[in-house]
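In order of appearance the chains are A, B, C and D, and numbering begins at 1 in each one.
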Amino acid sequence: MDDQCYDLCTKLVSQSYIQQGKQAKLVHQKKIKHLLQHRKLPEDGWTDQTIELLLQELSVMDSNNFPDNCGVGEREARIFSSLVATRHYRFGHGIGRSGEITAIQPKAAGSSVMMKLTNSLMLDVIKISGIQSAASCFIVPMATGMSLSLCMLTFKQSRPNAKYVIWPRIDQKSCIKSMITSGFEPVVIENCIEGDELRTNLTAVIEKIEELDPDNILCVMTTTSCFAPRVPDRLEEISEICKKFDVPHLINNAYGLQCTKCTHLIQQASRKGRVDAFVQSTDKNFMVPVGGSIIAGFDAKLIESISKAYPGRASATPTMDLFITLLSMGSQKYKELLKERKENYQYLASKLSEVASKHGERLLKTHHNAISMGMSLSSIIVKEDKDVTEIGSMLFTRFVSGTRVISNSSTDSTINGLKITNFGAHCDKYNCPYLTAAASIGMTRNDVDTFVTRLDKVLKKYKSSVGSNCDVQSEEEKTTNNIPQGNT
Amino acid sequence: MDDQCYDLCTKLVSQSYIQQGKQAKLVHQKKIKHLLQHRKLPEDGWTDQTIELLLQELSVMDSNNFPDNCGVGEREARIFSSLVATRHYRFGHGIGRSGEITAIQPKAAGSSVMMKLTNSLMLDVIKISGIQSAASCFIVPMATGMSLSLCMLTFKQSRPNAKYVIWPRIDQKSCIKSMITSGFEPVVIENCIEGDELRTNLTAVIEKIEELDPDNILCVMTTTSCFAPRVPDRLEEISEICKKFDVPHLINNAYGLQCTKCTHLIQQASRKGRVDAFVQSTDKNFMVPVGGSIIAGFDAKLIESISKAYPGRASATPTMDLFITLLSMGSQKYKELLKERKENYQYLASKLSEVASKHGERLLKTHHNAISMGMSLSSIIVKEDKDVTEIGSMLFTRFVSGTRVISNSSTDSTINGLKITNFGAHCDKYNCPYLTAAASIGMTRNDVDTFVTRLDKVLKKYKSSVGSNCDVQSEEEKTTNNIPQGNT
Amino acid sequence: MDDQCYDLCTKLVSQSYIQQGKQAKLVHQKKIKHLLQHRKLPEDGWTDQTIELLLQELSVMDSNNFPDNCGVGEREARIFSSLVATRHYRFGHGIGRSGEITAIQPKAAGSSVMMKLTNSLMLDVIKISGIQSAASCFIVPMATGMSLSLCMLTFKQSRPNAKYVIWPRIDQKSCIKSMITSGFEPVVIENCIEGDELRTNLTAVIEKIEELDPDNILCVMTTTSCFAPRVPDRLEEISEICKKFDVPHLINNAYGLQCTKCTHLIQQASRKGRVDAFVQSTDKNFMVPVGGSIIAGFDAKLIESISKAYPGRASATPTMDLFITLLSMGSQKYKELLKERKENYQYLASKLSEVASKHGERLLKTHHNAISMGMSLSSIIVKEDKDVTEIGSMLFTRFVSGTRVISNSSTDSTINGLKITNFGAHCDKYNCPYLTAAASIGMTRNDVDTFVTRLDKVLKKYKSSVGSNCDVQSEEEKTTNNIPQGNT
Amino acid sequence: MDDQCYDLCTKLVSQSYIQQGKQAKLVHQKKIKHLLQHRKLPEDGWTDQTIELLLQELSVMDSNNFPDNCGVGEREARIFSSLVATRHYRFGHGIGRSGEITAIQPKAAGSSVMMKLTNSLMLDVIKISGIQSAASCFIVPMATGMSLSLCMLTFKQSRPNAKYVIWPRIDQKSCIKSMITSGFEPVVIENCIEGDELRTNLTAVIEKIEELDPDNILCVMTTTSCFAPRVPDRLEEISEICKKFDVPHLINNAYGLQCTKCTHLIQQASRKGRVDAFVQSTDKNFMVPVGGSIIAGFDAKLIESISKAYPGRASATPTMDLFITLLSMGSQKYKELLKERKENYQYLASKLSEVASKHGERLLKTHHNAISMGMSLSSIIVKEDKDVTEIGSMLFTRFVSGTRVISNSSTDSTINGLKITNFGAHCDKYNCPYLTAAASIGMTRNDVDTFVTRLDKVLKKYKSSVGSNCDVQSEEEKTTNNIPQGNT
């Protein structure tokens, strides 16, 4: 309503009350204005009302919502179902254009504003998270793996002969697939075992680069966030190597934005050496539904060229989910969540340690990994022929999700044509079997308490049944039950 | 509620009424059962209530909604904002796994059921639309262009040396980008002008294949749906050529599913020769928000291998939008919509013809294109130096979206490194300038009436102002205003 | 967003597109302005988007939504559940104040504007419906019966000695209860049987008034909409009688607003004689959930005094439901619905007539009743001892709701202390047993077709089973099953 | 989904995951079963998902949602607008029947179950709140005042000659109106000033009863929750008097359910003497939107007779709002809220005391009132001719709602024909002017802090401007601005 509308209201309701109502409206408007002006995360989260006000204002600006619009194109963002229209706040045009995923759409000014704002907010969040020098980022409605592919395909355009990706081993299928699908050949760098930790073998990286010739190398792909006992790669040193050999450096930071250890590594790497792009998941870092990732970097031009490589427009959903979530969160709550996560990590470590020692096991010492941790299962899993992942299944049927159990049996797997020994363990043979658990954003102390209680019970039951099949489960289940285990 | 619940209800409300209520519930349940059993589009669309009942039942099955679940993984589908949770019906896990986008997720049985069902419904729809032999399909939350890339990258795995894509020219940026981003080299086959139509030059296709050697050719990429005066490619002949030379055949069927001319062509091509995959947009064919496409084909194995190439899980939004929309539509309404579209095409042709002759112009004769049509602007656009696209802008500011104006000036453009003469016209030089309009699904007769009325006015105004700048528009606008024109 | 916001948007998205979006916003705003200015039903219904825009603008004006409001009163409209907040568009203050239900609330300017607007819209609707002279009305969140009570209690204030209500018999419990609860004594005027119709006995009305002395009479309460074979009361004559004897005249127009026969009667009555107030249900006339009624009249002062009699504030829900519904409908659609209802009445009559003659029965001739109609069951119901209402139950279990079956057995009932012979039949003894059906707003031709088909089957089954219990039903059901029959 | 549906799902997704999803569903179902069985407030609040599951199950049972239902009655609960349908979860039939507001509806089994359950839950809540002996209650979609009227009109039926209501003065308009609208004559019992408190004059009550003859007295209406310095009536003594004289006792417990002092009084009164019914608001005690009240008592028969006096069916909205809210809250959270309120009362008292002494004022000693408190304004308001309520207005425009300022000037008001001296002060002349504030359910410590800060500023500004008009406000505003002050 504009001033005239408010004036008309005073014919129905006395002026002083209308005046007060208008004042209240101005407060919302002021927040919106501030957002449009500064494009930064508001300090205090917005109420749902303010968020919906803005979404509606923007939605109204898209051509499919124009009153009396007549569409004679092949793509008019008509929406058949009102359930669908409602759940998208009547946005229909998606984001981007065939030219570029961050391009503005003439038919969708509102969607375009939302997209631009969300990318700006996200850059602010990345800086708040610890990567202060980040220069540009954009949200893309694809999983981390596909986004890594997009980055590599873009690198390829300026490195037409390159075909190898130097890749310190991380046992995630999507990671391997991102290289193979985009047509590159992963060059596996096995990790070193240092104490309990699995760490980057820098010498091997250098040797491989030299062996294959830097010109033939598309990039080095490193990983921050990962399951213990693997720890984040030695980013600083690798970035220096990349700089020295003039090889692109791509970082898989899937759920690392929530963890200052990871972000600090990226920030430092960018200062000391070369980092071309780092990619993270939206759902894992910001508690939105699966569907998007954020491609970010220190060179706005390069990031733009990646955004231009995406052919066609795309779903606005991950962008909208983040838009709503970030505005609702505000920087204060975001920082709180990061702090809580850190505390929960400590709490999880201490509680898991207790359970471990109760069962004659111990927490693995992997202090470089500040998200995931492992607990040994040395004495519990005595027979290699028993399906150790059964512990994971037992936990899952007791409504514990997210643990992984890794045996130290050594078998070969072939992932998309790539032969990997002991897949899942990040190395050919680890010291002992173990179970992992992670403290991720949004976890509560109550989650930890429930977990350790249930774990304790499961371990007791498992031990008492060794040699037999502890849970009543069919054969078919056993073969499939090892699935709910992490980032597969 | 189960039988016990209903029994308990009879202590509050008399049995006969509870009985009646239970009967009503069974009707919904019966529909759900029928769907799960047959996995085909219901004949009559479902009410929103039945749809929401099913969505809720499925949502409850996902781990993030398990009461008392405790999540200690790195990805637990927590949702921060209740606005976001609501708009996703509390689904959070997306679809697919790192292994495959059509894989089931242990943590998300409900999402997995929805995904499987939607893919099945979609296959049924494809058959209803006229491609009866289609064997498999899946929905992917990426635009058509990115999906074409995914197909080509998958082809590449079994054709490691292939680098060329034989490509009968279609002036869409995302199409070109899909080849270049995935690292291939488009080999442009210029169209022939036959009467008013632009058609595939079959001879040139054969010559190029022979010249480059079939082994070096990744695939031939053809197009069905396109702007007049270009018409769908000669699919049958091309599929025979592909079969003969053993070269994959990929069809860009972006908005062709709604048009029996296009689907018939694909069906025939698959019978007579080789079609590896055909890709279509979800939004353009099914009136859902932008964001997904459907990759389909006649060999379930091949389609599966494409689905396995997608690295990582993905947004469930395009799937959910289709799930809701298809159930809400039912086959009866879908067929009606297809029929109406056809009628509107005829109606648009006759009305546009009237306006054309009123202004001394004519409708281009492009009867092979059953979606888009062109009207000549030979006499209206007299000066080449005048920005003809201004007519498009004038229409857009009068709330007509989707028209395109193409001059016959001949200038060179470079799209992602590919030099193309007179980009937008699908050929180096066409007979006359023209304006296009399309009859797409969901259009109404009212849209047509409004369009021709506004077009008539705009043409009058434009003609009266030739030599001057007819609308009061800034220079900046002129350079950008030619944008809301079609599938760019 | 204000102009400054739009300007800021142009830094993100080019000016011409923002301009177009702003234009679209202005269209919504213009509609809102027009509404605030004229407070009449818009001709064309609004889209849900425009409606929600306005609701949000108004909601923002209420104190419970003021950002940073601090409430230290005993009533601050805090809302605990977000589900509840959402379903009320975050309105919490209800309508009215202790002073008056149409009073504005200082803490709730938005709710107050909505309430005032809805009352204005409703007055417009009443006029459109045929009561052009109506001077004032307000929506009250109480059923018709309670609203009739409120009117009578208000009349009482200026007629302290009056205790009788002259009441041409209409067999609706809530009607009787409205008099008795408010402490008055109904004086039943039995209807005359004229042909098939049950009509007002005017002589008896006059006699009773004279007998009891007009000063002791609170009012005459007449009824328009009713079940056939009763027809609307002779309003014109009664209003003249009321004028002559200076006795208030209250009209129960429960679902009569949808029917020009009823509204015409009220309009004429107000011209020729005395009508103090007429009351109608919101749900029955406007397809909103049950919960409100509209008190209207020809003297704004009197209507205001009724509104002032309501002690305390009240639920805004019936008002909001009407606000949304009326804006969504627009006058054009409303008129269409009225027209369709009329046509369906004719259609129902012809189809019911067919079924009747098929079974040796006939349609009762009650042409003064333009909503409800009756079909004789003379030959079908042969034994008085059989529970005739079983036909109603059989229909209900076959998903036909709203029919009533009336036997012509004569038994006495006592409703709230009032002894009434043959309750349900509107007279002590009618010519024959019968079944009623009605054509009300929102009914479709399909409803009619389904109804007559199912009725035909039920009658066949009933006749074939006379003497036995035709449906398998428990005794308990039989005693309760006669319930789903009309306005009980 | 039933077992068959789940079995069918296993053809799409492996059995173990479906099994897990089914388990999760059973948890929801178990909660629903427990609720239906025990009809008590769950200890832990339900998630929105479980609540919506149940609402949907119930909604499906109403005839307007029956698939293929055909309605030929005059009231079929059709809903025109999908916005309206959605906000009512597709319930349309309201609650109750013409017979009784707590009657079940044949056409609306689901609504009826919801209504019965909510009334049961509410009875449980009343007991939890401290009135353990309460025997019955029902929710009625009317404000407290109208509900008090309904009680009195019901009393009237068994006391046909009674016309007086003995009423210890409480200055609330709706309270007075409840008596006058229902046709009774309030007999005002002036309060005694005891210290700072205004308390019931028991002697005067007895004298009046004797003077007027108990048979002529409809009831004594007492009040618990009220603005300081008035305190709750001496319920125990009054109930003994009512018992002795055989006069009904009606308690206005508007927002007293949240306060153990009030509920304890009612419980004790019912033990020692006579309490017929006590009435409370839904919004003030349970943080739902305005619109309903709860009529409760210790004799189920009497409460039933009140419920039967309501003529016609009614809005289900207040019932549904409570249903959702109570399930969402659970008893644990409810108790927490009550505890927090008590603490906030203490906190408010201490902070307000600080501000008071800073300005040379003091907190009034009214320890019998555990919700509202007063702060003297003796020195601040020096001139009687100045509009003291300006302080209230100044606070309101600074987004503080709910305070009231009472001068000690003595003027006569006439409320609905009843002359009352110094209306608003609960007595003809109080010791000093004062300002009230209340600690009600849902208030936060932050509210208190903000309030005292703003109050301090306002008092400073007011004092500095005495003699002049402190805020820039128009005359019109001054006359209306004293409105946002409490329970008017």
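In this text, a contact is a pair of C-beta atoms (placed from the backbone, for glycine too) under 8 Å apart; a residue touches a chain by one contact, two chains touch by 3 or more.
From a predicted model like this one, the values you see are computed outputs, not experimental measurements.
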Per Cα centroids, the chain farthest from chain C: A
Pair sharing more residue contacts (C-beta pairs) when B-C is set against B-D: B-D
Centre-to-centre distance between chain C and chain B (centres being mean Cα positions), rounded to whole Å: 48
Centre-of-Cα separation between chain D and chain C, whole angstrom: 29
Separation of chain B from chain D, taking each centre as the mean of its C-alpha atoms, in whole Å: 56
Contacts with two or more other chains, residues of chain A listed in rising order: 14, 16, 20, 48, 52, 63, 66, 68, 82, 106, 396, 480-481
Touching residues on chain A, where the partner in the complex is chain D: 14-16, 20, 82, 396-397, 473-474, 476-477, 480-481
For the chain A and chain C complex, residues of the former touching the latter: 1-2, 4-5, 8-9, 11-14, 16-18, 20-22, 24-25, 27-29, 32-33, 36-37, 47-50, 52-53, 56-57, 59-63, 65-68, 82, 90, 104-106, 109-110, 112-113, 116-117
Residues on chain D engaged by chain C in the complex (per definition of touch): 48, 51-52, 63, 66, 68-84, 87-89, 91-95, 97-99, 106-107, 141-146, 148-150, 153-154, 156-157, 172-175, 177-178, 180-183, 225, 227, 254-255, 281, 283-284, 286-292, 309-318, 321, 324-325, 328-329, 348, 371-372, 396, 399-404, 437-443, 446-448, 450-451, 454, 480, 483-484, 486-488
